[in-house]
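Shown next, in structure tokens, is the structure this report addresses.
Letters A, B, C and D mark the chains as written, and numbering starts fresh at 1 in each.
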Amino acid sequence: MKIKSLRYIVNQGFTSVWKNRTMSLASVASVTATLVVLGLIIILVLNINNMAKLAQVQFETIQVFLKDELPLEDISDIGKQIDDIDGVKSTMYESKEKALQNLINRWGEQGHLLEYLEENPLPNSYIIYLDSIEGAHGVVYELEKIAGIDDIKYYKEIVDVLIRIASFIRNIGLALILALIVITIFIIVNTIKITLNARRQEITIMKHVGATDWFIRCPLIIEGIVLGLIGALLSVAIVHYGYYHFYNMMLTRFTVMFSIYMISVEEMLSRILIMFTIIGAGVGALGSILAIRRYLRV
Amino acid sequence: MIEMQNVCKTYKKEVRALFNIDIKIEKGEFVFLVGPSGAGKTTFSKLVLKEENPDSGKIYFGGEDVTRLPRRKIPYLRRDIGVVFQDFRLLPNKNVYENIAFAMNIVEASAKEIRRRVPMVLAMVGLSSRAGNLPHELSGGEKQRVSIARAIVNNPSLLIADEPTGNLDPETAWEIMKVLRQVNRRGTTVLMSTHAKDIVDIMQKRVIALENGKIARDEIKGAYGYED
Amino acid sequence: MIEMQNVCKTYKKEVRALFNIDIKIEKGEFVFLVGPSGAGKTTFSKLVLKEENPDSGKIYFGGEDVTRLPRRKIPYLRRDIGVVFQDFRLLPNKNVYENIAFAMNIVEASAKEIRRRVPMVLAMVGLSSRAGNLPHELSGGEKQRVSIARAIVNNPSLLIADEPTGNLDPETAWEIMKVLRQVNRRGTTVLMSTHAKDIVDIMQKRVIALENGKIARDEIKGAYGYED
Amino acid sequence: MKIKSLRYIVNQGFTSVWKNRTMSLASVASVTATLVVLGLIIILVLNINNMAKLAQVQFETIQVFLKDELPLEDISDIGKQIDDIDGVKSTMYESKEKALQNLINRWGEQGHLLEYLEENPLPNSYIIYLDSIEGAHGVVYELEKIAGIDDIKYYKEIVDVLIRIASFIRNIGLALILALIVITIFIIVNTIKITLNARRQEITIMKHVGATDWFIRCPLIIEGIVLGLIGALLSVAIVHYGYYHFYNMMLTRFTVMFSIYMISVEEMLSRILIMFTIIGAGVGALGSILAIRRYLRV
């Protein structure tokens, strides 16, 4: 194919978007609308996921209670052993006196009750911070081998439930997004197919006067890509500004604290921009190819 | 140029459009294809253009077997044949100029060549003033002439004209016949389906008459030959 | 039946299709509208059918002012006029029978009436065997005859036939002319645009000749009147 | 319009769905896909909403602590006064002995600490169940007028935050669903418009041979409704079976308990069935009307 044909073909692709502008408008509108929906879901899922992940951090601790009357050197020795375990980020020693004080503080209003105690029944303990909650079981297994430890307490049930909920949300979210991408592609391909089907007469005529398949296909593919891209960019703009306002509203409503749980506006933009551009262009091309395929058989 | 051997074509297993056609048209001939409505004239052209495939028989164009032509070579066959379709087949979204230029774009003619040839053929069919109009803005005869202009713009080696004067007044029809004769003199084989008795009778060219899908008559310097 | 007073029609502010047309066609007349390609014949029909509106002037059909007809009354005007369109205008998704029956459905004819009339008009145009075919499965002349059958099926008071024999061989064309004459004898006014010199010359009916959008000639029992 | 025309028109509407089946298929597919997305969102939003509402119930209590050494009749008198307040569903008396026992139970492992206490420092109290969490502030205001009450405890901050989160989820969810319905309608209308635009030639021809606007419009509207309905029913089936499996998966994964937080499969079905049917049919009709409007002007 010569260069001048190429220029003609690209040119055709663009001008025909304009010549068939009613149809083009409808296609672009459909593409935009579908991608906006996808954008909404992505915002929802990514944020819920993010929140779950951050909430989870708060439970990434294990407490080990030491046997009574242990000498100080043994206590620090145990501390070192714990630090060596894989998956442990850091440890903090909590003496029995500190523990009681903490308990009194934690009980707040009812804390004064504890001042009536005859002796301190609480043990010395280490609080262990983990790299990740998923590693908890492994760390506990190692801890059980260490001598001098009386009891290990960690939020087993909560940890289990949290792991399951978090991975569940991740899975559901991912499945939802994947399903939506498929549906999005499906709708867009369909729209572009219908748009071009309306022009089967044109395609057939081209074939009849001796145009090769690629000569017909190329401008239509370019047309599909242009339609898809316009739709994609419009939807990115809509989703971006929507999220921008939503994000700011969250800040003013729920104090600044809340924002650390949300994905930043910039990050969201960069994610959807790339994704939508690819979907828009790819699906536009695909729609065109599928749409004209059977009209070329003449 | 064209040779058909024992060609049969049946639509939907019951409408027998062509039956046992044996014919040979030489390079440079001017042939009229006549016959009543539904006799199979358009089907004849469709077979040559490989728009339809025959049920049986062989069709040769320029020595090549059209029935065995692979799909991807069909466009090149069609580029070598200019066609005036009975139903015009103009691209509805392109104006007159673009419709003709399009046929040249297909064969990758240069922009300069296109700018030279298109106004020339438009002048030949008397439509210079309509270059910017879309097909739906043209009268029936004007559409027909655009179709003719498109068919001859690439100097094809065969010109198939299916009823090219059906929507034209006698005067304009004769203008068109002059154009076809001119094209024929330059070496293009012309195959013209027509119902125009006067034209056939006056032109004194080869006449092939179809009737019910069979060749009823094949005369050099023939006449239309049906009674009014 | 039809009266035009001082009618002008210009397309896109520059193509002057009709200019200062004054004409009166009486009920029951049979009129040929002739003239070169692009003279304004189809535009004339479009104005009567209110497919286009004139730039100035008045058009009366059956005493009523068409130019002032409200939108919702247009369908009733069109039902009273049978039209053979130059480009046939058959519904591509309906077969021949349905295309004709459809015109009767519009006027709310009974199913029984439809079953009686449709085969009758199909027989009149010689297409009984094609009732089940879709338009794209027909030859050019067959499509044209379906269009004629549809135009006459409702016994309209005016029949506008735009080039009804353009795609027909002389024999079939004369069959169609017989049908039109028969329709005319039953009281339908017939307005036929044509380029068929022989037909006009032989029929000896009123001839209105358009040229460049103006009436060049209006003769009772006229001839086609152009030199070949 | 006569009855026989009506029959013809209805008939036309149906047969043309079949005659233009490529286009019909594409329209139906688009309608289905779009409504499935809507269904997914509705499932998500309704369930989150439901969970928030149920979680909220646990905080719909206020505890009032009574002055020490109050005679029994005063105590029961106060109980009656509380019962009379608007927004109170029921009350439960908790004696100081019962309260200590509860505390011991609640502390679980550390409960034995309380057995070392010299005397019971806890007051008698009433636990008040509210009609709704939104009424809490009003009830507290009334409680403050009652003599003999020492202290009122309710989860003020939690309640406030919960109210805000719940109403936020409700609002966001509702906004999301509304936006999606609009987008859905938009996509469907567009699809049907494009489908019919492809048939402008047909519509124009009908006009030219004298068909009235309604004669052309009615079959196309019926066609639109049929397409919309088929799409709606398909999507209801898909969403229903999807939710059915999701629901059962949740049961097996998160114990039966979890299911009380979820909207039942039957309720979900009845909600989307009605909604989708209306959207499908309505939007099909609307699409047809919009699509053919301008082709009727000939």
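Note that a contact is a pair of C-beta atoms (placed from the backbone, for glycine too) under 8 Å apart; a residue touches a chain by one contact, two chains touch by 3 or more.
Treat the numbers as computed from the prediction; the structure is a model and nothing was measured.
Participant: By the touch rule set out at the top, what is the minimum number of steps from subunit B to subunit D?
Facilitator: So the least number of steps between the two chains is 2.
Participant: If I average the CA coordinates per chain, which chain comes out farthest from subunit A?
Facilitator: Centre of mass proxy via C-alpha means gives C as farthest from subunit A.
Participant: Report the inter-centroid distance (CA atoms only) between subunit A and subunit B in whole Å.
Facilitator: From the centre of subunit A to the centre of subunit B is 62 Å.
Participant: Rounded to the nearest whole Å, what is the centre-to-centre distance of subunit A and subunit D, using the mean of the C-alpha atoms as each centre?
Facilitator: That gives a centre separation of 25 Å.
Participant: For subunit A versus subunit C, what separation do you get between their C-alpha means, in angstrom?
Facilitator: 67
Participant: What residues in subunit C touch two or more of the other chains?
Facilitator: Where subunit C is concerned, no single residue meets two or more other chains.
Participant: Which parts of subunit A, given as residue numbers and ranges, touch two or more other chains?
Facilitator: Subunit A, residues with two or more chain partners: not present.
Participant: What pattern do the touching chains form: line, ring, star, complete or other?
Facilitator: Graph shape here is a ring: one loop, exactly two partners per chain.
Participant: Among the chains present, which pairs are found to touch?
Facilitator: Going through each pair of chains, those in contact are A-B, A-D, B-C, C-D.
Participant: Can you tell me which positions in subunit A touch subunit B when the two form their complex?
Facilitator: Subunit A residues touching subunit B: 1-2, 4-5, 8, 16, 19-20, 201-202, 205-213, 215, 298.
Participant: If you look only at subunit B, which of its residues touch subunit A in the complex?
Facilitator: Going by the criterion above, the answer is residues 49, 51, 72, 75-79, 81, 83, 85, 89-93, 102-103, 105-108, 110-111, 150.
Participant: For a test of understanding, state which residues of subunit B touch subunit C in their complex under the given definition.
Facilitator: 11-12, 15, 34-38, 41-42, 86-87, 137, 139-142, 144-145, 162-163, 166-174, 195, 197-198, 224, 226-228
Participant: Going by the contact rule set out above, which residues of subunit D touch subunit A in the complex?
Facilitator: Residues of subunit D touching subunit A: 22-23, 26-27, 29-30, 33-34, 36-37, 40-41, 44, 103, 110, 112-114, 116-118, 121, 164, 168, 176, 179-180, 183, 186-187, 190-191, 193-195, 197-198, 253-254.
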